[in-house]
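One chain, subunit A, links the two complexes that follow: it is found with subunit B in the first and with subunit C in the second.
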Partner chain A sequence: MSILIAQYLVAGVVTGCFLIVATLGFSLTRQVEGFLNIAHAELLGISAFILWSLVNLAGWYFIPSAVIAVGITAVLGLFIGRVVYDPIRKFGPAVVLISSVGVAYVLGGGLDAVVGTGVRTMDIPLATSYRFFGVRITDYQMAVIAMAAVTGLSLALFMSKTTTGLTIRAMSDNPELAASRGIDVVKTSRATWLLSSGLAGLGGVSLALIATLSTDIAFQQILTIIAVAILAGLGSLYSVLIAGQVVGIAMDMSVLWLPAGYRPLIAFALVIVVLLVRPQGLSGKST
Partner chain B sequence: MTSKLTFKKRLASSVVALSMALGPQAASAEEGVTFGVLVPLTGELGEFGKIVANGVQLAVNQINDEGGTSCGPIRTVVADTGGNPETGIREASKMIESESAVAILGPTSGVMVALADLAKRTETMLMSPYAGTITLNELGGDFVFRTVASDLGDGAVSGLWLEERGYKSVAFLIQNEESTISPAEIAKSAVEDAGIELTDYIVYNPGQPSYQAELISVLAHNPDAIYLAGGQNSSVTVIKEATAGGFEGEWLFTADLAVPEVFDLIGAELLNDRAFVEQADSDPSLPEYQAYSELHQSKTDGEDPGPFSANSYDMANLVALAMEASGECTGAGINSKIRDVAHEGDVVTTFAEGRAALQQGAEINYEGASGPVAFDETGTVTSPYTVSAAKDGVWVLEKFYPASTFIE
Partner chain C sequence: MNIEQLILATATFGSLFAVMTVCLNIQYARGGMINFGTVAYFAVGAYTYAIFTHEPPSGLDRYVFGFDFPWYIGFLAAGIASLLFAVLTGWPTLRLRGEYLALTTFAFAEVLHSVLLNERRLGNGSVGLSNVERIDFTQFGLADKYGYALAAVLLLIATIVLCRRILASPYGRAVDAIRDDEVAAQSVGKDVQRMRFEVFLISALPIGFAGALYAMITTLVNPMLFTAEVTFFVWIALVLGGERTIKGAVLGTIALVAFEELIRNFHFESVRGAEIASSIEHMMTGVIFILVLRLQPFEKIKTWRAAQ
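So, the complex of A and B:
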């Protein structure tokens, strides 16, 4: 029984790691740009399909293809930020949020038009399973964990050690104060779009590694991403790391006791319970 | 997509040519009559939608080539639902109001259910060649029909197969949708009655990147077989993850995986000699099916008809024949005669034969490429079923269950 529980825990940790990578960029946009970017999930899909095209159609190796997919997604996110969101930001976060739903539809429709019908799988070997103390884990699951760990660590270093990272933090804490202290708001905003969309690109790489791709698979993750972001609350991005793991482990461990159909319900039940007890979310700042 | 456009162009030119050739006629006959083809051309069921649209178009082209109906040539307008009921309602309304469509052909289960009320209210014939949902057992029979059996039949044939195969233990993995849960419940009863150990009965939500958590218990029990009733997206992930997790038993899939693409998606080596798929299917030995297969091949560079292709062809022919029999170019006319043209009378196997018999005042019984298509009180036909086996990267017919197997 303990091995079985450990097996569910491993599945939950992997789910949590995927959610962390998928949510970090979403939370970053929310902190710096001040709105819920619903189109973030579509960027995961675009990255996944760029990767799929390079590996399956062009026959490239996985890692360089992944780097290119992340790069293109980052630039696309920056482009959308400048062309769509920047001009309407003055109308307030609700207008930008609704516009991001429109952007999600445009990106989703574009994917449908380019990729077409049906489902796709990456042209990579079947996952290999390893057992540690009787608990099974595949190489792709380990890759997702590693990707989340490296992303979390790199982001922490970037935010605390680089000038751009520090200005992003200043902007997210207090944009007016940051501007009055001479921080280039426009430049910082662009850096944020590049970073958050690049993180969406990384989420797309994780998705392509473990999931079967269809044009709507990425968008189907948006509710769980929102659940993690709400649970994390505003404030430090570190709370996203904890929230992602809490949601991932809770969803997958729940299958041990509850019908699997209740998995998404668990994520939101958790959000409601945490917000009742701690309205500011897991981080220290109010939403 | 290219072939669809070609079809459309060909149809458009044949409509123009026909109107020019026929010259002055009654206004309605000159204008022709419109069938709306409402299918998913994008999304997970896009492959099926294309097959259905092509099957309908083959029938329509054949009818028009043979002089059209007494209402004039049939024109088709095609719209993509993406499998989404809301889009289905919007597109169907447009077809009925702007295009004066007398029939809406080809919606999937969810869209059919959403459109049932609209069809009855606007007196438009609504028909599907693959909507198996048991909800239509309640809603169907008046303006709502289908040329495929109810999902309950899929459950019955699955149960029968699992029993006949001699498995000692089976796990069920079912996508959380009414259309997959209903047949799974029937199959589950059959498995339990046969004394087979049901190790797991897991209903999972689609759209997840991974199903590892759902598979843990299944893999721990290591059953002889897994019955997997899911869409292509979730099923491909489940099969790969189960195999990577060490599952070495056999599989029984439902019709969503009865397409050749699954071998590329999953890898033929993971399926060959251990995977089976059940589906409501035509009897390949029927001369009518063989004739249709030849027609299909001649129009599509040698492609065999895909799943539900024959049912789609029959659907369009039945609607056209009902229109002929009623003498009215309306949905109400079609609805009044749709049962009669496939019930008792001279057996006819093509629209041209049926029209000739009707003109002589005879009653007709259309038996088409998918076999007999007599509707029961719920507007549903009784289908034969097949179980196919994965062999050398293709689905090969393993067992044919005639429709009579499931008639109590």
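So, the complex of A and C:
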């Protein structure tokens, strides 16, 4: 029994690591651009399918394909931010939030039109599993964990050590003050779009490693991404690391006691409880 | 293409969804509440109707409740159930503002969807309930398809009259005052929390009735019919019609339903063709949505009219 629990725990940690990468970009957008980008998850799907088509159809190696996929997704995100969101920012966050639903429709519909429905698997070697004290873990699962660790660490370094990182943080704390201190708001906003969409791209790569792909996958992810972001407190980056693990582990461990169909429900039950008891989230900062 | 069928379908489903858009309009434009879980109240109405009118389970059925009541009791129960669900979800959440409220209502709708999908004892889980009891319009000398179109239009008219009445009353002006300036409304003794809650409840009732009628028309209830897509559809219709007026909400919905029915009426040679068409329909809906929000044509018409 304890082995079984440990096994589910490992699965939960892997899900949590994926959720961390997927949510960081979402939270970053919320922090700097000030709205909830429902279309964020569609970028994950697009990145995953660019990767899939490069590996399966063009026959490329995995790593260069992943780099290209992340790059294209980042540029696409920047493009959408400039063309769609920037001109309507003046109407307030509610309008931008609702517009992002429209963007999600366009991206999701586009993906459906190009790829078509149905389940796809990546053309990569089968996962090798390793045993540690009786608990199995595959090399792809380890890759997802490593990716989350590297992403979290480099994001923390980027935000605290580089000028661009510092301006992003200044913008998210107080946009007026940042602008009056001579920070180039437009440039910073573009850097944020590149960064957050690039993170969505990385999330797509993780997704391609651990899940079978279908075009409706993006929509399923937005639900858990929102759950993680709320648990973390909207607009907080470091608490995303903890919140991602909490949601991932809670979801996968719940399978021990509840039918597997209820897995997404766990994430949402968490959202409701958190919003009712502690609306400011784990970070404790009120937004 | 069958023109009569197109018009009938647009009238039936257009009116049905317009009931939801009008209610959402009250919640958003008048009450300032972003409800991203509209589908939940619709689903509660439909499922309650189906459970109340269904025969008791037999054979392979997994559902436990089936009361075999006549349709009008089921219809009333649907409205009441939707109201009760609004009490359950509105009471704890309405102190949240803006996007937090949007996310909580969205979460409630997803939880309900997940329960309906997994809990076989309620409505056969993912299989759903089929052969739902419906009104027999032939006894009034009316073909079913005309009868249901008529019923949907009547429900829409009743909803509009209800909303108009409320909004034109002193109560409606108090609601407007709260939206415009919460502090000022509070300072003249309006209970903001309570009024917001009441608006939320009142607007849930017609959505429940619409759910019951929807169950009659489709003759089945199934979790797949009640996904977040419905919520987004209603939101798009609301934005399409301009946010502030009942007329706009109704016209926006009818236009959107007509557009969808028109595309559904084309015949496709292959499955792939139909698939591409439906994805392009999705994309077009999204583009229209973005453009309407961006260009704000209704605001412009309003200022133009005012200038005349």
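Basically, the second predicted complex is superposed on the first by the 278 of 287 C-alpha atoms of A that agree within 3 Å, B and C clash if a C-alpha of one lies under 4 Å from a C-alpha of the other, contacts with A are read in each partner's own complex, and residues count from 1 in each chain.
We adopt the following convention: contacts are C-beta pairs under 8 Å (C-beta built on N, C-alpha and C of every residue); 3 or more make two chains touch, one makes a residue touch a chain.
Every value quoted in this text rests on a predicted model; they were computed, and no experiment measured them.
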| item | value |
| --- | --- |
| Combined model on subunit A where subunit B meets subunit C, clash or fit | clash |
| Partner chain(s) touched by A:251 [first = subunit B, second = subunit C, both, neither] | first |
| Which superposed partner A:264 touches (first subunit B, second subunit C, both, neither) | both |
| Subunit B versus subunit C as contact partner of A:108, first or second or both or neither | second |
| Which of subunit B and subunit C A:51 touches, first, second, both or neither | neither |
| First, second, both or neither for A:232, with subunit B first and subunit C second | neither |
| Partner chain in contact with A:28 - subunit B first, subunit C second, else both or neither | neither |
| First, second, both or neither for A:14, with subunit B first and subunit C second | first |
| Contacts of A:138 with subunit B and subunit C, given as first, second, both or neither | first |
| Contacts of A:221 with subunit B and subunit C, given as first, second, both or neither | first |
| Subunit A residues contacted in one complex by subunit B, in the other by subunit C | 112, 116-117, 259, 261, 264 |
| Parts of subunit A lying in touch with subunit C, wherever the complex brings them together | 35-36, 84, 87-88, 91, 93-95, 97-99, 101-113, 116-117, 219, 223, 226-227, 230, 234, 259, 261-262, 264-265, 268-269, 271-272, 275-276, 279 |
| Interface residues, subunit C side, partner subunit A - complex | 34, 92-93, 96, 98-100, 102-104, 106-108, 110-111, 114-115, 117-118, 228, 232, 235-236, 239, 272, 275-276, 278-283, 285-287, 289-290, 293-294, 296 |
| Of subunit A, residues touching subunit B in the complex | 4, 7-8, 11-12, 14-15, 18, 112, 116-121, 126-129, 136, 138, 141, 206-207, 210-212, 214-217, 220-221, 251-252, 255, 259-261, 263-264 |
| Subunit A partner contacts - residues on subunit B that touch it in the complex | 1, 40-44, 46-47, 49-50, 82, 176, 202-205, 207-210, 212-214, 216-217, 220, 232-234, 236-237, 240-241, 243-246, 261, 265-267, 270 |
